[in-house]
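Below are the structure tokens for one structure; questions will follow.
Letters A, B, C, D, E and F name the chains as they come in the text, with residue numbers starting at 1 for each one.
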Amino acid sequence: MSSLVTRVKLKQIEQLIEKGKRLDGRGLTDYREIKIEQGVIEKAEGSARVLMGKTEVLVGVKIETGTPFPDTPDDGVMTVNAELVPLASPDFEPGPPDENSIELARIVDRGIRESHAIDTAKLCITSGKKVFVVFVDVYVLNHDGNLIDASALAAVAALMNTKMPNYEVKDDEVIIKQGYTPLPMTSHPITVTLGKINDKLIVDPWLEEEQVIDARLTMAFNDDGNICAIQKGCAGYFTQQQILEGMKLAKEKATELRKKLKW
Amino acid sequence: MNEKPEKLIDKKGLRLDGRKADELRPVKIEVGILPNADGSAYIEHGKNKILAAAFGPREMHPKHLSRPDRMVLRCRYHMAPFSVGERKSPAPSRREIELSKVIRESLEPAVFVEYYPRTGVDVFIEVLQADGGTRCASITAASLALADAGIPMRDIVVACAAGKVEDKVVLDLFDTEDKVGSADVPVAFMPNLNAVTLLQMDGILTPDEFEKAVSMAIDGCKKIYELQKEALKTKYMLLEAEEEVEE
Amino acid sequence: MSSLVTRVKLKQIEQLIEKGKRLDGRGLTDYREIKIEQGVIEKAEGSARVLMGKTEVLVGVKIETGTPFPDTPDDGVMTVNAELVPLASPDFEPGPPDENSIELARIVDRGIRESHAIDTAKLCITSGKKVFVVFVDVYVLNHDGNLIDASALAAVAALMNTKMPNYEVKDDEVIIKQGYTPLPMTSHPITVTLGKINDKLIVDPWLEEEQVIDARLTMAFNDDGNICAIQKGCAGYFTQQQILEGMKLAKEKATELRKKLKW
Amino acid sequence: MNEKPEKLIDKKGLRLDGRKADELRPVKIEVGILPNADGSAYIEHGKNKILAAAFGPREMHPKHLSRPDRMVLRCRYHMAPFSVGERKSPAPSRREIELSKVIRESLEPAVFVEYYPRTGVDVFIEVLQADGGTRCASITAASLALADAGIPMRDIVVACAAGKVEDKVVLDLFDTEDKVGSADVPVAFMPNLNAVTLLQMDGILTPDEFEKAVSMAIDGCKKIYELQKEALKTKYMLLEAEEEVEE
Amino acid sequence: MNEKPEKLIDKKGLRLDGRKADELRPVKIEVGILPNADGSAYIEHGKNKILAAAFGPREMHPKHLSRPDRMVLRCRYHMAPFSVGERKSPAPSRREIELSKVIRESLEPAVFVEYYPRTGVDVFIEVLQADGGTRCASITAASLALADAGIPMRDIVVACAAGKVEDKVVLDLFDTEDKVGSADVPVAFMPNLNAVTLLQMDGILTPDEFEKAVSMAIDGCKKIYELQKEALKTKYMLLEAEEEVEE
Amino acid sequence: MSSLVTRVKLKQIEQLIEKGKRLDGRGLTDYREIKIEQGVIEKAEGSARVLMGKTEVLVGVKIETGTPFPDTPDDGVMTVNAELVPLASPDFEPGPPDENSIELARIVDRGIRESHAIDTAKLCITSGKKVFVVFVDVYVLNHDGNLIDASALAAVAALMNTKMPNYEVKDDEVIIKQGYTPLPMTSHPITVTLGKINDKLIVDPWLEEEQVIDARLTMAFNDDGNICAIQKGCAGYFTQQQILEGMKLAKEKATELRKKLKW
């Protein structure tokens, strides 16, 4: 976008925000409409699709067996990958993950990992030798802003929907048996992103707002309201005061969002 | 998981999923479902779930790939890591690169490439769930995405496979039939021009079986073509309805 | 090539073809002169060089031990790779395989694999653990059109020339012994490519023709005349009638070509 | 090597390396040590040893990345293969790519990017030895490298982490505390503008603990800021001395 | 396969392949055998089988690599996957990248690069079968490919190695000698200018042995040079013969 | 650099060299001032920093366990990698190793490997199964010419500084014990590089000279004065006479340089 258009839009968005309004009619602290659909990919062990306004993210979970990391021989492994596939936006190009998709994957990963959402000890098959590996693949299908919150929400919803194969170990071989058990989870982290425009905080910035915000603050909260991950983004800053304010606001919104996840 | 079924066709001539030899799987098509793309389509063909989007005509990047006398069509067929049994690495496999090429060459005969010289059109296909016959379903969807983007076309391209399962030529193989069966013949077709734009085969067929498979696949294409037209109509009716509301 | 030159050449080629003639003097259904030389790379387990007019392809076969695929524990492994090395044409550039070399390798692979040319069951050393891996490397040395047929022919000729090391298994170790046995083969697929110009079919299009043909049809045939692989190429189409006609023509030419392979 | 220490904080409240909860590790900074860079700095923060260099403002390569209305800041955070316990492949890891991005975004608020339109500035950071808190020490050094290169800046950026170790909020975690402790909060700060330009967290903190950690980290930043100023002064005094000699 | 031979040199002073210490392997050279290249040559040096082709002078891609005052010479040395005992991945190895560089630097002194400013010449070398001494045989062939392409040259470059096998300095090591022997000294030479354009060594040699090895290698070069000239003559005689026929 | 500047500089350097002088005041066969500091990276098993004038190179050595190569089952493994990191020069760009860094690494590798500097037989833990792997990473921190000699010197100094962990093997597992022993070394190769300008040989060409020299000759010498590696570089040539002269000069300088290494 040319810098002129950006400046005109910034002006317009700023004036609205001064009045507590936004381009798409929302209040400053409102999320867009959210829809969560679980189990959309029957062949994956778990999946969920999240619509946040026009932003659409699909997360698929695959479970395979693999070897544990040497320093955690009794823990299963979880990896998060994010693909900004080119059909989601004219700005996305085919190719290996760039810094944006890597940052997205790592923020989603951090929320799940640091909150101990998955009980990885229960994914161990044979200590030091064989464990279950949980692949969480974030697939952005339409980019209309705030990919982080949509992706994090879809990831947790997909994990809640994930079934683990039953198995037994015979002579060091893993034998997959009939039936499934749910993936063992101990928490359900919720991620909330705020934008700062003109020293005002807004919740869930969408695409047009993302192009003009000074800075972004993302916080993930655990079931008990504790913080489990944070990421500041964009080339702007926050005052210490804004961070604490933002934390309170994000905590409230996390509680609100969590209600959308039924379990 | 890997147990092979004993019989792919039962005594009544029905297949594992209850279909007759010349019966299609259920097909559901929606046009225009991706807001950011210039054109898009979603197809559920059996358990296949596939999204296709078209962007363009637009400036080519990098520029030196553009052509002074024609539009350049590019195509990427890509599978989501979770779309198949064992997780697939998101990096494009050799299979995906080949399919991207043959799919592009199956769509290109339908496009009036000379209308927009120096521009490019990109077709992006994402297989979200795969169950045999993804390349055909991808072509069926991609062709609609191009139409939805307003790219001028001679005809719609539609695709369907036939193959051989336990000595019988059958239509539209699903995953298990594809893997255990003895041949697969994907065909893409332009119904109004009576033109085959994709033809591949693996497995073994006698010349007679091959002839029968091609016929059967083309018949399948013609049935899916009706669904394509309906999906396009639905999209335009919705558009007209919206416009009326706006007026 | 500029589009003007292409159009002039197309005109010229079309006019000739109307009269049943071609630029290089061949009839519409003639192959160029074919020379097959086996065993040209003594250090490889198998090799063959094919000249098809000025198109020259060298195929080398290496045999090593490796692990079988999990779903075929009792079968050896075959892989085909094709390199369009830059000395073969000013149009080839150094770098990783592009879509053309990948398609070429996969067509050659399909012909061999689907016809069960190699008896992979006989390549199994220890079920599920150790098998022979057959590497078929297609090396294009001069590109003058119809790389597919020349490569497929050279690949089969090289496999027919391939010797497998004798071995015995002792305490789970493979011990290579003196002497060789021929690679076990059960069929000899022959691949034939047709081009369509102005609704006429021609056999074995060479470089100048390749630049103007509407579409390409490649078919591989087994020893018994059955079809084992097909690939349509280029941005044109065939009518159903043309396909059936093409199939008959290709079948004839395959029988003709097969005679060049002595076994 | 991998034995976890039993207690990270002893009865007197002292940490494994003898520090109090709110005590920084020793920090040593030098400015202008790389002859070929336009600006550079070296920092030893505890056992971290890090070099940062700035090149620019200069023409951008490739050109199409330049911007008509501003300077483009690029940043690469990279670890030497021998900087960590197990040898690190020199190819950039996903972690290094993410850190390159957040470090760039922590420096950019301080730079007057509009002063040199169409140009680029590259910041290269090499971690020669890592001991916890490399991103913070990298920012502290990179900001000085920019200043040393004469890039016009609103303020110096300085960074420091706080975290939680055995239920206690502590300043400036070193490697073992970082790995065994329960939370880490790296903060970058512009002291004169009172602005936080980097904030991350992993681990678990209550809101109160988080508030305390941010305060403590900012206090740490302010102390390191004094060392930054001194390092710059030393460099300029040396320069003046050289100039006098030359006259 | 991996049994090391007991003696590399027998009592009569003969080597495993029956050669004397200062004897070359049989060398066969053909010029102008690749129809699509501007120049080409094929060499069989012992069991080495190598093709070299030259393309140019032609426009450089990408353009920014061209030089206003000279032609740019590029070179790629590449081994076919089947050319060696264990299959070699076709992706260029570190060894191949180094050899491409030293081969280019061994050819460049012979080329009048100033004759065609802004252009490029590409030399592509494919080792089809390797048996020790591939870099030397590659240079011998590549130099002829350049000459065959009509690139103006000061001299032909020819290359040959000497080395040390069981305490004896010998000429032109083949694979087994190269691997089991104690030193290898490849040398490229311009006979008319008396100039060494490539010199490498690995293994251990006393200064005297080194001096002897260089002399012996240069003598080997001179012998191969005669074969180069003959191969060029043969090509041109064929050309003349063809021209006469055409007239 | 433009060719005009190069020509002017070449002229200037040539005229000085005719008089036995150099731009930076050195004599033709003098090295720049050399400083060697060992143990600068405490966390690495070995390290050394070398300053050669303004050229600065850091070498770190890591030791890990790994599998031996099949053809040398009783030998540890040594690998050399060189990074021309972009802070060392405006001419270095981030990215995978280019031909310059690969050549640098391979020259350093050759000097160490061919002189048998490391007693790799002593790095074997279990024949054919487990050995120590020595990673030598060359890190160029400032490029002011003659990276080869500075890197080779830093590599040897770092190896001399390298400590190996004590260990014992119990039930096929390697158990790391307290304490260290020095890396077993049998020689200390010294690498000397000469440049040729206008048929004169100079020692240790620095950056300005490197841009104008005709050719480069690098030789590595063993403790006993034998040659263990050679590499000619750049697009020029040497006469046979110059090579022998250069060898004698390099041998002298190697003896001189070796004194800087204390052991």
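Just so it is clear, a contact is a pair of C-beta atoms (placed from the backbone, for glycine too) under 8 Å apart; a residue touches a chain by one contact, two chains touch by 3 or more.
This structure is a prediction, so every number in the text was calculated from the model and none was measured.
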{"item": "Mutual neighbours - chains that touch chain A and chain E alike", "value": "none"}
{"item": "Farthest-lying chain, centroid of Cα atoms versus that of chain F", "value": "B"}
{"item": "Distance from chain E to chain B - Cα centre to Cα centre, in angstrom", "value": "52"}
{"item": "Between chain B and chain C, centroid-to-centroid distance (C-alpha), Å", "value": "27"}
{"item": "Intercentroid distance (Cα basis), chain F paired with chain B, Å", "value": "58"}
{"item": "Shared interface positions of chain D, touching two or more other chains", "value": "none"}
{"item": "Overlap residues in chain F, where contacts from two or more other chains coincide", "value": "none"}
{"item": "Overall pattern in which the protein chains touch one another (line/ring/star/complete/other)", "value": "ring"}
{"item": "Chain order around the ring, beginning at chain E and proceeding next to chain F", "value": "E, F, D, A, B, C"}
{"item": "Complex contact set, residues of chain F against chain E", "value": "3, 71, 97, 99, 102-103, 105-106, 110, 113-115, 217, 222, 225-240, 243-244, 247-248, 251"}
{"item": "In the complex, chain B residues that touch chain C", "value": "2, 68-69, 94-95, 97-98, 100-102, 104-105, 108-109, 185, 190, 193-207, 210-211, 214-215, 218"}
{"item": "Residues of chain F that touch chain D when the two form their complex", "value": "41-44, 47, 54, 58, 60-62, 64, 81, 83, 85-90, 94, 96, 135, 137, 139, 141-144, 176"}
{"item": "List of chain B residues in touch with chain A within their complex", "value": "1, 34-37, 40, 47, 49, 51-53, 55, 58, 76, 78, 80-87, 90-91, 122, 124-126, 128-131"}
